[in-house]
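Let me give you the structure first, and then I'll get to my questions.
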Amino acid sequence: MAESLQETVPIRRQECLSSEELINTFKKVRYTTDQLCEPLSTEDFVVQSMPDASPAKWHLAHSTWFFETFLLMEHQPDYERFNANYSFLFNSYYNALGERHCRGRRGMLTRPTVRETFAYRRYVNRQIIRLLETSNLDKLQTVAPLLVLGINHEQQHQELLLTDIKHLFAMNPLRPVYRQSRVLTSRLPLPLQWKKFLGGPCCIGHDGKEFAFDNEGPRHECFLRPFEIGSRLITNEEYLTFMQDGGYDRAELWLADGWDLLKANSTKAPAYWQYLDGQWLNMTLAGLRPVDPSEPVSHVNYFEASAFAEWSSARLPTEVEWEVAAFEQSRDGNFLETGLYQPVSSGNPAPEKSVGTSSDSGMFKSSSGSNNRGNLDALQSDDWPVAQMFGDLWEWTRSSYSAYPGYKAAAGALGEYNGKFMCNQFVLRGGSCATPRSHIRLTYRNFFPPTASWQFTGIRLARDV
Amino acid sequence: MAESLQETVPIRRQECLSSEELINTFKKVRYTTDQLCEPLSTEDFVVQSMPDASPAKWHLAHSTWFFETFLLMEHQPDYERFNANYSFLFNSYYNALGERHCRGRRGMLTRPTVRETFAYRRYVNRQIIRLLETSNLDKLQTVAPLLVLGINHEQQHQELLLTDIKHLFAMNPLRPVYRQSRVLTSRLPLPLQWKKFLGGPCCIGHDGKEFAFDNEGPRHECFLRPFEIGSRLITNEEYLTFMQDGGYDRAELWLADGWDLLKANSTKAPAYWQYLDGQWLNMTLAGLRPVDPSEPVSHVNYFEASAFAEWSSARLPTEVEWEVAAFEQSRDGNFLETGLYQPVSSGNPAPEKSVGTSSDSGMFKSSSGSNNRGNLDALQSDDWPVAQMFGDLWEWTRSSYSAYPGYKAAAGALGEYNGKFMCNQFVLRGGSCATPRSHIRLTYRNFFPPTASWQFTGIRLARDV
Amino acid sequence: MAESLQETVPIRRQECLSSEELINTFKKVRYTTDQLCEPLSTEDFVVQSMPDASPAKWHLAHSTWFFETFLLMEHQPDYERFNANYSFLFNSYYNALGERHCRGRRGMLTRPTVRETFAYRRYVNRQIIRLLETSNLDKLQTVAPLLVLGINHEQQHQELLLTDIKHLFAMNPLRPVYRQSRVLTSRLPLPLQWKKFLGGPCCIGHDGKEFAFDNEGPRHECFLRPFEIGSRLITNEEYLTFMQDGGYDRAELWLADGWDLLKANSTKAPAYWQYLDGQWLNMTLAGLRPVDPSEPVSHVNYFEASAFAEWSSARLPTEVEWEVAAFEQSRDGNFLETGLYQPVSSGNPAPEKSVGTSSDSGMFKSSSGSNNRGNLDALQSDDWPVAQMFGDLWEWTRSSYSAYPGYKAAAGALGEYNGKFMCNQFVLRGGSCATPRSHIRLTYRNFFPPTASWQFTGIRLARDV
Amino acid sequence: MAESLQETVPIRRQECLSSEELINTFKKVRYTTDQLCEPLSTEDFVVQSMPDASPAKWHLAHSTWFFETFLLMEHQPDYERFNANYSFLFNSYYNALGERHCRGRRGMLTRPTVRETFAYRRYVNRQIIRLLETSNLDKLQTVAPLLVLGINHEQQHQELLLTDIKHLFAMNPLRPVYRQSRVLTSRLPLPLQWKKFLGGPCCIGHDGKEFAFDNEGPRHECFLRPFEIGSRLITNEEYLTFMQDGGYDRAELWLADGWDLLKANSTKAPAYWQYLDGQWLNMTLAGLRPVDPSEPVSHVNYFEASAFAEWSSARLPTEVEWEVAAFEQSRDGNFLETGLYQPVSSGNPAPEKSVGTSSDSGMFKSSSGSNNRGNLDALQSDDWPVAQMFGDLWEWTRSSYSAYPGYKAAAGALGEYNGKFMCNQFVLRGGSCATPRSHIRLTYRNFFPPTASWQFTGIRLARDV
């Protein structure tokens, strides 16, 4: 969900929530962001560790700018900007809204300070609440969808804030710890099995009844060939076997672009691994730790995922296959709210939620993405659960990110760029340990270039039958 | 068909041709390559004008190396290599066959000389003919598919040889002429109309009965939404209107990557256009000429095609739509054999073949790609021809280049890399004025990165209904 | 004095100062650094705005590391490091001292925090004072030269801290103010006159009697041709005339490398100038201000200085000429202590020192660099003062930075790299408004690559007679 | 003498030669160029193997363009250009003469062909001879200096043609042979001794009585400290000892820029060396040969020369020292005319000239650069010859390339850029085995950036006494 890449924000349906419900949800999500910043020193907020990442301060300001621009500037007639310069500084990529600060230089902005940025947040929070409190029902009908959109947008930046801080800390030889998470003893992972699905016509995509990003629809028919899907994510141990079998030295396993990249960077392991004194270590948000063989392998890019699948005589699933396979699976999982910020072994029990970081609420009811089951029952040939479909790690699919048939872009600045990232990116599904639980859906389509590895990305295999 | 990118050579079916037919076809195709070189000076053979292009000399040697490596070295027991170093110098990207010369440095190889390269060609030609003449029926069964593959491979390099020479000549301020083609007076183009197709299930892909590259199959079912497709290619005049309407200055029309590229290069027009003394000129293989308003616009990259479609309130077709729409259309068109090397107005009569450059033969019978019409008749709602589907220009589709469902890679060096280019490329369909007529099929999938513009690429629009 | 470039630290002579004098000087200089940081927010300390610059935090830590490494680690037997990792993080370029953190990534280090960095400074300050207080005379003889070296090193980083902060603030669209300096009304500059010097043998370089960097010696004989030197620095008004006369468009005025650089960057004005609403503005440490015509032009690189000289039918002085011309001139000037941080018109009276930032002390007596006048009187043909030789701006000379005849590198880590920067750099003389007054000498040789413009650099002309 | 870098062509004095002498010299030098091209295939003429190099064809055309532009266009009223486009294509860097073809794209110009280029040469040759034959004495006075300049310019390009071809051939895995030179059995080198020179005032630079480039003057006084200079060039064997002693791994031996370059390129040996099957091989114009321990080490850049000197507890000479030391030495040596194109052991007898390639003539009498010996006798303290000062290899000095005191640029296009390369380059002295014997002088100043290694460059040491 690199904000420069995605943020496919335009929404598809209006929400029917009371002003009070909206205010509560707004407060909770904004508060969650503040809590995520709690472990950071002032210095940590400032730096941009690579062009694809943003400073924490920028995430705080940009998500606030979004509320200011699309709600307050548009719908609060007497609204006075906190600072007129911020519209230039904190616009991400909305060309329709005028010039913006160069993405690669976000880390040059030591001003506004962190303190000023939080003041900006509080100011906009108060104004938004005032707007909601004073809106009549008509106005609420207009404003609510934008608010829900802003909330989802803020949740995207919560995940990016974490992955960007992880990237920053990984570059520091002092290996700072973001949060010392509870120590989890990994149990052995579940055995890797293959769950079969019959071929035939099926439907995927969002039906538009609840909130979704517009790239999730329209719901449409597809043909599926029979396939089977792996019962859990690939583990570090399995990935180490691939490495020991010369995975990074065998050109025949790799996409051509991936092989070139690997050669240019002398890559030998996933992004956050390093070999020290005879063992592989893994940089996590809880600091540098030995690679846990039972944990799912994370921070692999598309090329690594694809090469591993090739080596396994398998392949990555398409997003159609993934959505069909995920339909019957539990939406529970290891999300942001567990406070682990790291994937866990499939053998471990479902993580309990940690106290205080949940932004789950009445508004975010379990959302299947669709109650229209279509012929999905018919596709599934046997009946046992597939693990880790939701949470833990975003799962690379082999599907290029492109428009669903019949997709129409929304109008105006919000909709201007719906399809503008539909090029050279692959779809990822299912959310991660840094995704807010209420943010994800069956039909949710995340996307990143095949080179990206700083997100919580992992590998699930599929095969033709 | 950038050889480093494509050359998806593994074949799908064996051919049942007599040794005599094979020899004749082989000779004709090899002779066509020689003829294409006739206008070149020795100097023109040597230079690599950009990393994606290759020197003409390299094309001559590499296509010869292919026959040597996969036929002679494998199936002619007493074969002696012409020069052992050539396997290093003229391997393109087959890692399984050992080390190879760095692609970007092909233009450094002033030796072997052009004369030596032609000697190499003649040597291998004689050896191939000897192999075919002396093979019994069993051996012919083994050798024939490889030969057909080599012939198709050579045809791909015929097109690349022309596009690479065009790129080279375009960099020379003297604007050399490759061949002074017959002067064609452009008639007004046909009016742009929209042909409707009903939605529903359909089948695309190669059924495997005749020769095809393996990425064309397997044949498989898809769902189509109703759509309509433009009755001809977009003209220079239409593209000029887009330019005059600020096409290159309006971010909202462009994919994000395309906009960045355009800004970085200050692009203002298609690749081979230049503005001189108040008019737009166009570099062609017949030299620099005024842009002809009636001709199809050529040498646009994917980003330009996509932005033009956006500006037209339309979109590019998917490859499924293209194949369905092309099914009933004539396979005739402005191919390599016309000797024009430039697209022509849709209003002009079908070009006559020029004498002597045709490599068409009994072996290359009209190939529909499939005699299984499936329900295609049902999809088409009215009955008039769509122009320029075959020949003139490769047509960008909005489909990323990826594996068809059920696709399986072949074994060994030939099959090693079937899918290795399935990343960050888009599918083009229909062949161009530089494609040998016998090389193209309904199901043929060409592919290039969205940045590529040195091929004969053009724009056909589609729309949802 | 880019620390990666210069820091030519090895000293040439031992000092004979009491422990008390040393402690006082040490305290004052360290306190000056702290004062320079007073206007900075925590965020400002962290960011590296380009590879040549360093974060303020890094300057604070590195200058402290220097004292720790060369005094405490070597000469305080029971010394315990504040943090063992710091020797890796804050080593600048002393290869002999082991691995060090990549220069270009200094801005990635959000930890240690600013607070921790100041704690490090205080810890080392206390230990240094303890070392000096407890050293007997013998030990003091050993330690004093290293301390004086460390003090001079710290002063170099005071200047760099200011120029790096200026560069950082100039990249921020909010144009932060470092310090709102006293408003100085510029008087008209003095008329530009030429002071003649006769040719003949002369001596330059440091005689080694007081502290100097080793690149300032040995003192040696040279031959001078008759020349004349400009009576003051070139002003913004004069530079604007050059610009209006097409200075940036006339290749014949520029060194070949300079012309290429200018073309590549589309340079049209000095580094910190921007044209807004019909006037030229100038980023200063007091914020964005209109370009003052009477002020000396600053932040020009060597190529700009050289092109301006060419345009003026003059040339830049050699460092021999500069030193000869400066010999009789006042060492007073607009240095760091004035608190202006900006050059002032030659027509203004000598600036008063501001209170509190002076680190001048008994130890830093007026230092002529030499009391041996040699035949310098003979060289000077008339007798009126030349303005602005010291302070205001570093003056580009046309002399490449290279070893004086007879130069010998010192031994060990301190001396390891004495000559390692003697390549592709030019000598600058005289100090600037960001140089501590006590740091400069007649013989002081600063040096930077010809591309550098973020230092306080200016132009003085010379001519053959 | 990279033409883009140097070609410091303006001349200092007019010549008093008869029309016949001028014609003879002109013919001989032009004929020598033709002879140097004799071993090349047409293909070899076309390619530019790196931005600093030029295609052989370009050298042929550019040196011809020089005669056309500065003699025929200026002084032959009825002259008709061979081809008007050539002034754009073959201008090197004379901005005053209008736009020119981008240096880095010289290798894209397959047209004009080699045949056309030679026709251009013959055409201009005839016209130049006609101009000389028909000039009266007055006109000859004007034209002769330009002709002599053009001849010297052509000689510079003879050397560049050879070094550029060497670079091209070294990139070809077939390792083409330029000319199979006579096999020379290397004798042991002379022992390395140190020749002392006393310090004091001295004079260097050209006195202007015969032809010289303007950067060689004016003659001027300098002070020298006592020094001693190595009696011969450093050998491959000595350089191998440096390598085996960790020369490329010891940062303390290297200039900072050199160390960075070495690390970035993983350099381990001189440019044309490669390690194969347990031995070091050396690419020469006679093909790949084992490194000869007795030969001078060649194709080292300034950084390598400087690091070797540091390792030897010595240094490189200044150009003043070099010129003083060379004054008494024989101007004979291993120049272009020997046809060896490779340096030879100092122990071998002076090479005989090969037949036919000499362009030596009456015009190019032994040229001391000065008959004014000044006090040079006094400087030299003992009296035995120093070997290899002239020919074999250009010798890096530690002197930056800069203007001599009193240097004045000439007027017009020829003089426009006299000093434009005086930045980031070092002076080399003495000529090489690729330099025409008549081209070199005692005062000749060649110059290249410290990174350059494709010229015939070597190492001579010096030391303080």
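In this document, chain identifiers A, B, C and D correspond to the written order of the chains, with residue numbering beginning at 1 in each.
We adopt the following convention: a residue touches a chain if its C-beta (ideal position, glycine included) is under 8 Å from a C-beta of that chain, and two chains touch if they have at least 3 such contacts.
Keep in mind that what you see is a predicted model, and the values were worked out from it rather than measured.
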For chain D, the least number of touch steps when starting out from chain A:
2
If you average the CA coordinates per chain, which chain's centre is most distant from that of chain D?
A
Just give me the whole-number Å value for how far the CA centre of chain A lies from that of chain B.
39
In angstrom, rounded to a whole number, how far apart do the mean CA points of chain B and chain D lie?
49
Rounded to a whole Å, what is the gap between the Cα centroids of chain B and chain C?
62
Going by residue number, chain B touches two or more other chains at none
When you check every pair of chains, which ones turn out to touch?
A-B, A-C, B-D, C-D
Sites on chain D touched by chain C in the complex:
4-5, 93, 95-96, 201, 220-225, 251-252, 254-259, 302-303, 318, 398-400, 402-403, 405-406, 408, 416-417, 419-424, 450, 464
Given the complex with chain A, which residues does chain C contribute to the contact?
41-47, 49, 57, 85, 88-89, 101, 105, 107-114, 168, 171-174, 176
